[in-house]
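The following pair of complexes shares a single chain, subunit A, combined with subunit B in the former and subunit C in the latter.
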Partner chain A sequence: MNAASDAVDGARLVLMRFSAGGVVFCADADQIESVAVFDRTVSDELVWLRDELGCAGAPVNGSPVVFTIKTGTGLPYRVVVDWMLDVCEVAGKEIRSFPPLVEPFAMEQGLWGVIFPGGRIAFLIDFLLLERGKRSLGGGEPSRSRLFAAGREAVSAGS
Partner chain B sequence: MEPTDATLKSEQLLEDIKRHNSSKEIVDVEEGRTKVVIVTVGGNRYAFYGEEIREILPACEISWVPGLPDYLPGLIVVRGDIESVVDIRQFLGAGQETGRTGLIALAVRGDFRTGIIIDSIEDVMDLPLSAIKPPLSTLNGAARELLNGEIDWDGAVIPLLDIEKLAAKITL
Partner chain C sequence: MKHSHVWIAITKSAPRRHGAVKQGAMMKVTLRKKVLGLTFFSVIAIVVATSVLSIANIVSRGELRISSYREMVLSERKVQIKGYVDMAAKVMEKLPLEEAKRAVKQMRYGKNGYLWINDYNNVMIVHPDPRLEGKDQSDLKDPNGVYILREITKLCREKGEGYLRYGWKMPGQEALLPKLSYARGLPGINLIVGTGVYIDDIDKMVVQERQKVDREIWSAIVQYLLVSAVISGLLLVGAAVLIKKFITGPVEAITDTIKNFNNDLTKTVPVLTEDEIGELACWLNEHISELRKVIGMVSEVTENIFSYSGTISSSMEQQSDFATQLSSSVVEISSTMEEFSSTAIQIAQHSQGVVARADKTLADTKHGAHEVENLTCKFNEISQDLHSNLDEIVALGRKSKEINKIMEIINTIASQTKMIAFNAALEAASAGEAGKRFGVVAVEIRRLADSVVVSTGEIEAKITEILDAVNRLVMSSEKSSLMIQEGHEYAGHTVALLTDMVDGVEETTNAAHQISLSTQQQQVASSQVVIALKDIEQGVRYSTDAIRKASAVTGELAHLSEKLKSLVMTFKLGNEQAPRESGNSGREA
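Entry: the complex of A and B
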């Protein structure tokens, strides 16, 4: 056993498990400041995760919620997900990294690991990594207003 | 008759025979053999080196991952490990797969490791290395990039795919 193995074995993460675009994701609860029910009358700029990750075509199953992400910069970063599933705790040794072929693409989407409780795959997402990846790809601030409009249309179509 | 130290004709002949047999044996040993796995992909037959195909997995759910290129349909779980899955049909000039119900060949070459979607497995056989011929120059470019050679099987010429070339093509 080396130091890295010890660190992985000892690590435990509390994860928010949710779905977006028919895919199950988990985010470290430490990264999320608050969770609120999505209010379609709220005009704040919101990022719809389903649009951000290119899975906007899937119907919205559930009641969207808004995660307010801790950015440490004071800037608001609010992400809408399709459905909050549960909160769970996982040990570090239960987390797998992406295979080398997939990892570079996954990291650009803020995805850094995989768990498969009960045999069903869930992707670990780091919202700040996602934001960084999108900025590097897009060359600047993503168009939040456009994403908000697209996500709202998906909710309207699904309801 | 006086004894002579000169080599007798019989001795020389026997020596030649032994040398010939010995060299023949060496040739036989050097004629290596390799195992190949013949599969169908996109309705066409292809072969892989057997040593590069670790196992053939039954059809299973492939989990889509956001942001992957078309040739990477997603991930599968194999006995607690996560494996990537590659759809090589577009590299071979075949149509994109639709149902994703085929088998998955788990390919390993050095550090490169991935599942490859195949339609079915046709045969596994031992071949002398000399049975592998260079690829025909008339093959189209997309498939040719992945070829190591060709083999004859069941009256047909089967392209032999090279996992190392596939790895070089798709590894970032």
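Entry: the complex of A and C
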């Protein structure tokens, strides 16, 4: 146990809980700049999370919501999710990591942990990691967010 | 064996012929003898008849001749004595009376002939015997009682003259001899002159003449009989020849053919004449030909009868089985009819209840018609209320849709509020500790928005349910309206039907009465049917026995057809038999 892990264990994260392709995800509220109702008339540079995660065939349950992601690069990155569920706070120690066998593949999808709010499983997603992973397919170096880095370290230390 | 069958067949088929043959065998007289005998007897009869007639004619001619001879001789005597009397009368007329009397008294003729004179008082005036002169001779009579002089006087008084035959004894003889007298009245002097002669010699002359005539008659008869015998003999010989040639010869030829017939239908009877016997031969040939055809047909028919008898026998067995089944069925029917009879009695009892029920039904139907009319009025009122309710429900549905639109607006606002709350939460999260209170407010706002969304969702669901219910209610109301309209129409029809039904129920009541009577009659009829079925049962039993007997008879028929077949096979049919037998054999094969 070190200071970084203590900080993460003691921190409380504000997460946006939503669903896409029938799967519940949580994202760090710090990565989201705004939330807006999906307007079908506006379709400039929207990324459907269900398409990105390979769940395009699943039915859409609820009203789609557009997340505007803070990229810090000035480039717009707007992700459409199927249904906005709620905003919740979780402690860092409630986060679980993926098994080492599947973790590399999960990381490629921007998934970095698992929580169980209300008894239901929710995957933690890092939009920036997802966005960069997609970009890395074009040759870029993947980067991790602050929370991802801290959480990853805490998980590694705990295991 | 075959000949005995043939003999039986012939004797059975021709009993008359058999009887004739038997009778002929008993008499043992051939047709030739019969015909010859008939001819002989005919000729003899004709000859005898003609002979009898001829002999009778000859004899009668002889008798006539004898009679004529007698008359002739007697007439000569009459003329003789009349001549003497005429001569005496002329003497009496020419001479004076006394001289005339003497002359007459002395007149004689023949051996003993004399004349006498008497008056009309029967007093003898002149007579050769003087003792008689002057005496009344009225009582003079012959031994036969003939008053001689009275009759002579009577003849002369009535006719003027006349002959009288009587018997008288010749003087010196005792024998009574026939005598003929003739007298003639002399009106001028009232005297009668007469004479008489014995005519016994006439009988002798007649006897001699009869002997002569008899000899001639006998000679003529003998000649006649000889000629007749010769002619009859010639006729009989000729008749025998002709009979042989034209009658018995052809008949014997036919007889020989028939005698040697031996069921050979190929034989033909010789036709020797063109008369009835020839026609008989032709007809025999014709009938033999027909018999050949008939025997051929009989052969086929016998085959068919034999096969049919087998079929009939099997059919009779089937009929026997069927009759047995029928008997049992009739017994069942009889028991069923007895049950039916008891049921008919029950029906007759129940029909009384039906009659009462029908009367009550009539009253109920009239009451029902009145109630249905009231129901029609109620239907009209319900229809009007339903139409007004339907309008209200349509208005309610329209308003519910307006509420739904409002709820959509509210929902949109709630969604936007929720988005705002999310953004506020984001802002609060990015503000750190400073934004915690704001975050709490954002959370509450989001919860309120969620609850609004949930509430609006529930309201939408309720409104949707209300709209569905309204739609269903509208459809149900329209359907109810249609049903009420149909009910109204049905009620009208029902009123009409009930009106008709009243008549029908009345007819039903009458029919029920009639049924009651009919069931009573049916009860009687069913009892009669039961009796009839028992008779039928008895009849079926008799029929079964009859079928068994008929089956036995059919077997006997098959046996007889077999015998008939063997009999038919004894006939020779010539060339026609070959294809027929081949046909039979082919059919048997």
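Heads up, the rule we're going with is that the second predicted complex is superposed on the first by the 131 of 159 C-alpha atoms of A that agree within 3 Å, B and C clash if a C-alpha of one lies under 4 Å from a C-alpha of the other, contacts with A are read in each partner's own complex, and residues count from 1 in each chain.
Keep this in mind: a residue touches a chain if its C-beta (ideal position, glycine included) is under 8 Å from a C-beta of that chain, and two chains touch if they have at least 3 such contacts.
These numbers were taken from a predicted model, which means no experiment stands behind them.
For the composite obtained by overlaying on subunit A, subunit B and subunit C can both be accommodated side by side without a clash.
When both complexes are overlaid on chain A, the residue A:D30 reaches subunit C alone and has no touch with subunit B. Once the two complexes are overlaid on the shared chain, A:M16 sits against subunit C while remaining clear of subunit B. Contact with subunit B, but none with subunit C, is seen for A:F98 once the two complexes are overlaid on the shared chain. With both structures placed on the common chain, the touch criterion links A:E108 to subunit B but leaves subunit C unconnected. Of the two partner chains placed around the shared chain by superposition, neither subunit B nor subunit C is touched by A:L128. After overlaying the two complexes on the shared chain, residue contacts for A:V87 are found with subunit C alone; subunit B is out of touch.
Looking at the superposition, the partner that touches the larger set of subunit A residues, subunit B or subunit C, turns out to be B. Legend: residue contacts after superposition of the two complexes on their common chain; A:L53 is shown touching subunit B, with no touch to subunit C.
Least inter-chain distance for subunit B and subunit C in the combined superposition, rounded to the nearest angstrom, is 26, based on C-alpha atoms.
Within subunit A, no residue touches subunit B in one complex and subunit C in the other. Here subunit C touches subunit A in the complex through residues 415-416, 418-419, 422-423, 425-426, 429-430, 439, 442-443, 446, 450, going by the rule given at the top.
For subunit A in complex with subunit B, the residues that touch the partner chain are 21, 23, 53-55, 96-102, 104-106, 108-109, 111, 114, 116, 119, 121, 123.
Taken in their complex, subunit A has these residues touching subunit C: 14, 16, 29-30, 32-37, 63, 65, 84, 86-87.
Those residues of subunit B whose C-beta lies close enough to touch subunit A in the complex are 63-69, 72, 75, 77, 81-84, 86, 111, 113-114, 170-172.
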